[in-house]
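Look for chain A in each of the two complexes below; its partner is chain B in the first and chain C in the second.
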Partner chain A sequence: MSELNRNPLIDWLLRLYVLASFAFIFAPIAASFVFSLNEDRFPSLPLGGFSTQWYEAVATDPLVWEGLSNTLTIGVIVSLVATALGFGAAYTDYRYRFFGKTVYLALALLPPTIPVIILGLAMLAFLSRVGLSGQSLSVIVAHVVMTAPFAMAIIRLRLSQMDPDLEAAAWNLGASEWAAMRHVILPFARPAILAALFITMAVSFDEFAVAWFVSGLNETLPVRVLGFLQGQVSPRINAIGTFVFLTSMTLVILAQLVLMRRPKEGNPDG
Partner chain B sequence: MSDQANTVPGPSNMPVAVWGRTRRPAKGFSLYGATFSLPLLVWQLLFFVAPLLFLIALSFWSVRNFRLQPDLDVASWLYVYRSGLFWETYLRTLAMAGFAAMLASALAFPCAYAIAFKLAEASRRWAIFLMVIPFFTSYLVRVYSWQVFLSDHGIINAALGSIGLGPYTMLNTLFGTMIGYLTLTFPLVVLLQLFSLMFVDRTLIEAAHNMGAGRLRAVFAVVIPSARVGLVIAALFCFILTFGDFVSPLYLGGGNPPTLSIMITDTTKSGQQWPRAAVIALTMIATLLATAFAAVGYAYRGRGR
Partner chain C sequence: MGDRPLVEFDHVTKRFGDMAAVEDLNLTIAKGEFLAIMGSSGCGKTTTLRMLAGLEAPSEGEIRLQGARINDLPSWRRDTPMVWQSLALFPFLNVRENVEFSLRMRGIGGAERRRRAADWLDRLQIGELAERNIAHLSGGQRQRVALARSLVTEPEILLLDEPLSALDAHLKVRMQSVLADLQRQLGITFVYVTHSQSEAFSMADRVVIMSRGRIEQIGAPREIYRTPRTRFVAEFLGSSNIFAGTLVDAIGDGAQVDTPSGRLRLATSPEGFATGDAVVIAVPGDRIELTATLPDAGDNAIEATVMGEEFVGATATVYLEAADGTEMRAQKSHADLEKIDIRTGQKLFVGWRPEHAHVLPPA
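Let's look at the complex of A and B:
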């Protein structure tokens, strides 16, 4: 790139701005980590001594363990169902043209744009009518509605990178539709399917609001966090928060790594 | 490699290869196609569309002695729409989300611009990699963490105090709410702007420079118009997310005066007034849809040039 009037000063200022942006984004995550290991009751500067007491307090709270196991169970089921539904929708969009496809796609992609509080309100009202409220099942149902669009988008992007003649070639060679799906489409989409599993699990893991509304009794971990928030300030939330951050960051990083890995390029940077 | 399929005689296979579609499965309904397309359709109809439709019905129900009853009563609509507090809250929420959209767009643009034009390919990929992470990490916990920064004895005031400034009240103010809104939307706005900036034709920018345009002039006359769709969509997403958010206005803004989302939770908690909450929710959905259509229309207006 050979731009004429490049000003090194402005270039450096812009780069500094990018660094400042990342500082803003990661400051709360870093603070949560630092103060989870700080002995002070009320987190501030200067830092107090190093302590793992908040982790111990959290680890001995049976409610936290119950919340954690609920969160994980729900997260795994949600990610499996949402990814399966999202894959079906992505493949439908990739292969078929039909009347009303716009409506179909709108249904597949719109849920994340509806505020969670409204979705939660509508679902609680609706699910309690059909006798599903207050159960883990209702949380799973709600989370799948919200996460399937992410799975669909990720897998659709991957399918759009595929040569459209590949599937037709498999048919020409005598493969049935099912065989072509199993030997051509699924292997090609596998990285995106894995990424979708990770991402939907991360979203389910973070999504407290709907769970909070929809499920009265079965608390997931984020709901537990909300409970802490409404109560008094406690550094225990930093310990839980750090755990939540690490889990979802791991999932998102895994998803990105899976998607970035290209067989031809050998090893990508990093 | 030695499949039966491969032993089909070459010559007779030629037309098939040329036309390619001879063996394409029949169009129309098929069990195969339905297996993939129907599950999501059924799921979203049952658990997304039906609840939202039920919300419409619910808004006409009545509440007697703290009990919900199916009804065709417009009382809730009249109550909400005649309430001065509702319209005040509505306008405030609208203004806050609109301001957040402008603020996030303005603050994100230099960042997206720098990542798109000033970073090398490898660092740009890293920047995108890092920007995606916060979008999927707990917003609630990040907002809680901001309380530690913004409170009267928090990190920022402690730092400012050491050089003799402050303390400033930042928690439970509009400033706090905006910090929360930016936490929610800033990475997404940067990403959406970035994806449109990456597709701006660089020869256009060089042409502008060659014709003597300064840096800022090139940005405003070439870059921003070329990336308009992405910039508008980014602002729209920021508006949508902040308009319905209740975490930041509650935990960083103090919840008073309320936004519409806080009003919804308050309404459901006090006296089982679910129909009124449904009215507020439906009004919010209508507002979001109208904004989305207007913004998308504006983004694509006159693009055929």
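Let's look at the complex of A and C:
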């Protein structure tokens, strides 16, 4: 790029701005990470000695393990179901023109705009009425509702980049609608589908408010964290926080990577 | 099958909502012919092709392929492969996998698929690109992949939807000869949709000219060029001079027509017209003589002012305007033009021999 029309002062200010934004966002998380490895009981400066005792304490707490296992199971199921639903909704939008499509799209993308407290309360009221409250299944249902729109948005974006003739070209070359789905639409959307799996899992993994309302005794990890906080302030929370943060970041970064991946030379088997 | 046409459109109409994209289309396409369907955008040419490919269902009428009705046959059950304007190559498959696609969909085994794909890639001289990613090919190479992908099942018919429109002029001409040669070697039917007169006229055995969902004229390229059947065709081709007037008298073999630009002579009395009828005459631009002095008696001549020139390769088109405002054009070689030294604003005589005028048949 030409350097001719660039003001160095603006360049430096922009860099500073980006740096400050990241510092602001990540400072609390970094602090939490630092204190999780500090031997002091209370977070205070100067730091005490290095210690992994809080991680050991967390690792030996059966309630944490139970919460983690709930979270992971729920996360996997939610990501699969939400991505499948999201794909269906996105493909419907891509392929068909029908009366009321705008309304259909608005409704499909609505859940993330509802305040989670209201969604949580509504879910609790509804699920208890149909006899589904207080189970892992309740959290799954609630999280699918919350995350499917994300999956849809990601896959829809990918499908919108597809040459509109591609599917018809597959039919023209002898592929039935199912074969075209399997051999053309799914391979084309594959990066977005993988990304949707990771993102929906990350959202489910982190989600607290709705899970708190509907989970009952089957607490997920974020709900367990609140339990800790209500009991006593303990650096164990920093340890769990660090773990949850790293997991979510990993999922989100994976999603970014699959979405950005460039086509590779000579794909040996399509 | 004998002389039975490969494709028959029998009173086919296609409506989208209230709009008729194709209206009462009757067309037969013979085995092994190169047919071009030509017209401006929205004339129904692409809809016609898509109906044949099974991507649109006709609203009325019947389409037959080898005598059998195919109106309701889904696209994947016909062997009517198409080369798309966008090419529609599968970006997640490499060249060989793209070509193998239709064989794979037909359940043909890996070894056989590979052999047939390699065969077609060699035939189109892109054998060495087999394992390449589509994204790394040039426009002409992608074109060849699209052709190989469509032809690998050895169909009876190939549909082409403006396949060359994305190529630069040089490559376009080269691909035209590739296509024409291929069609001759394979002996299969090509149905080629285009808005480009040069593509249609240089490759096709027969050209169909469409306008507003209807066929204006079907015929061999030279026949359409010399004897346009309707005023639309004459104007669409853009190479003829058109004069509208009334037939005044038919003397012996000849006849005369009164037009706002003057009285014009015809070599023969036009069939189906009586004295006093309105007639439209078309004179091809390459039949026009431009002279500084009044030409021989017996030839037609209209005095006109030079409005401008346009150069295309070895020929130039001279645009002229008669005193009454009638626009005319003449296609001349540069050598011809040098003789009269043309300047804008200059007055010249636009002349032609009576036998070179073509009278459009009665509507």
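FYI, the second predicted complex is superposed on the first by the 255 of 270 C-alpha atoms of A that agree within 3 Å, B and C clash if a C-alpha of one lies under 4 Å from a C-alpha of the other, contacts with A are read in each partner's own complex, and residues count from 1 in each chain.
Throughout what follows, a residue touches a chain if its C-beta (ideal position, glycine included) is under 8 Å from a C-beta of that chain, and two chains touch if they have at least 3 such contacts.
Predicted model, so just to flag it, every value in this text is computed and none were measured.
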Margin query: With both complexes overlaid on chain A, does A:188 touch chain B (first), chain C (second), both or neither?
Written below: second
Margin query: By the touch definition at the top of the document, which applies to A:256: first (chain B), second (chain C), both, or neither?
Written below: first
Checklist line | Touched partner set for A:171, first chain B, second chain C, both or neither | finding: both
Item checked: First, second, both or neither for A:145, with chain B first and chain C second -> first
Item checked: Partner touching more residues of chain A, whether chain B or chain C -> B
Notebook entry, point to check: Taking the superposition as given, does A:179 touch the first partner, chain B, the second, chain C, both, or neither?
Noted result: second
Note to self: For A:9 in the superposed arrangement: first (chain B), second (chain C), both or neither?
What the structure shows: neither
Notebook entry, point to check: If you stack the two complexes on chain A, which partner ends up touching A:163: first (chain B), second (chain C), both, or neither?
Noted result: second
Checklist line | Common interface positions of chain A, toward chain B and toward chain C | finding: 165, 168, 171-175, 270
Check: Which of the residues in chain B come into contact with chain A in the complex?
Finding: 3-6, 8, 13, 16-17, 20-25, 30, 32-33, 35-41, 43-45, 47-52, 54-55, 58, 107-108, 110-111, 113-115, 118-119, 122, 125-127, 129-134, 136-149, 151, 153-155, 158-159, 182-183, 186-187, 190, 202, 205-206, 209-210, 214-215, 240, 243-247, 251, 261, 264-265, 268, 274, 277-278, 281, 284-285, 288, 292
Notebook entry, point to check: Which positions of chain A touch chain B when the two form their complex?
Noted result: 1-5, 7, 10-11, 14-15, 17-18, 21-22, 24-29, 31-32, 35, 42-46, 84-89, 91-92, 95-96, 104, 107-108, 110-111, 113-119, 121-123, 125-127, 129, 141-142, 144-145, 148, 152, 165, 168, 171-175, 177-178, 181, 199, 202-203, 205-206, 208-209, 222, 225-226, 229, 233, 237-238, 240-241, 244-245, 248-249, 251-253, 256, 260, 268-270
Note to self: With touch defined as at the start, can you tell me which chain C residues reach chain A in the complex?
What the structure shows: 53-55, 74-76, 79-82, 84-86, 88, 90-94, 97, 101-102, 104-106, 131-133, 135-136, 149-150, 153
Check: Given the complex with chain C, which residues does chain A contribute to the contact?
Finding: 163, 165-166, 168-176, 179, 183-184, 187-188, 190, 263-267, 270
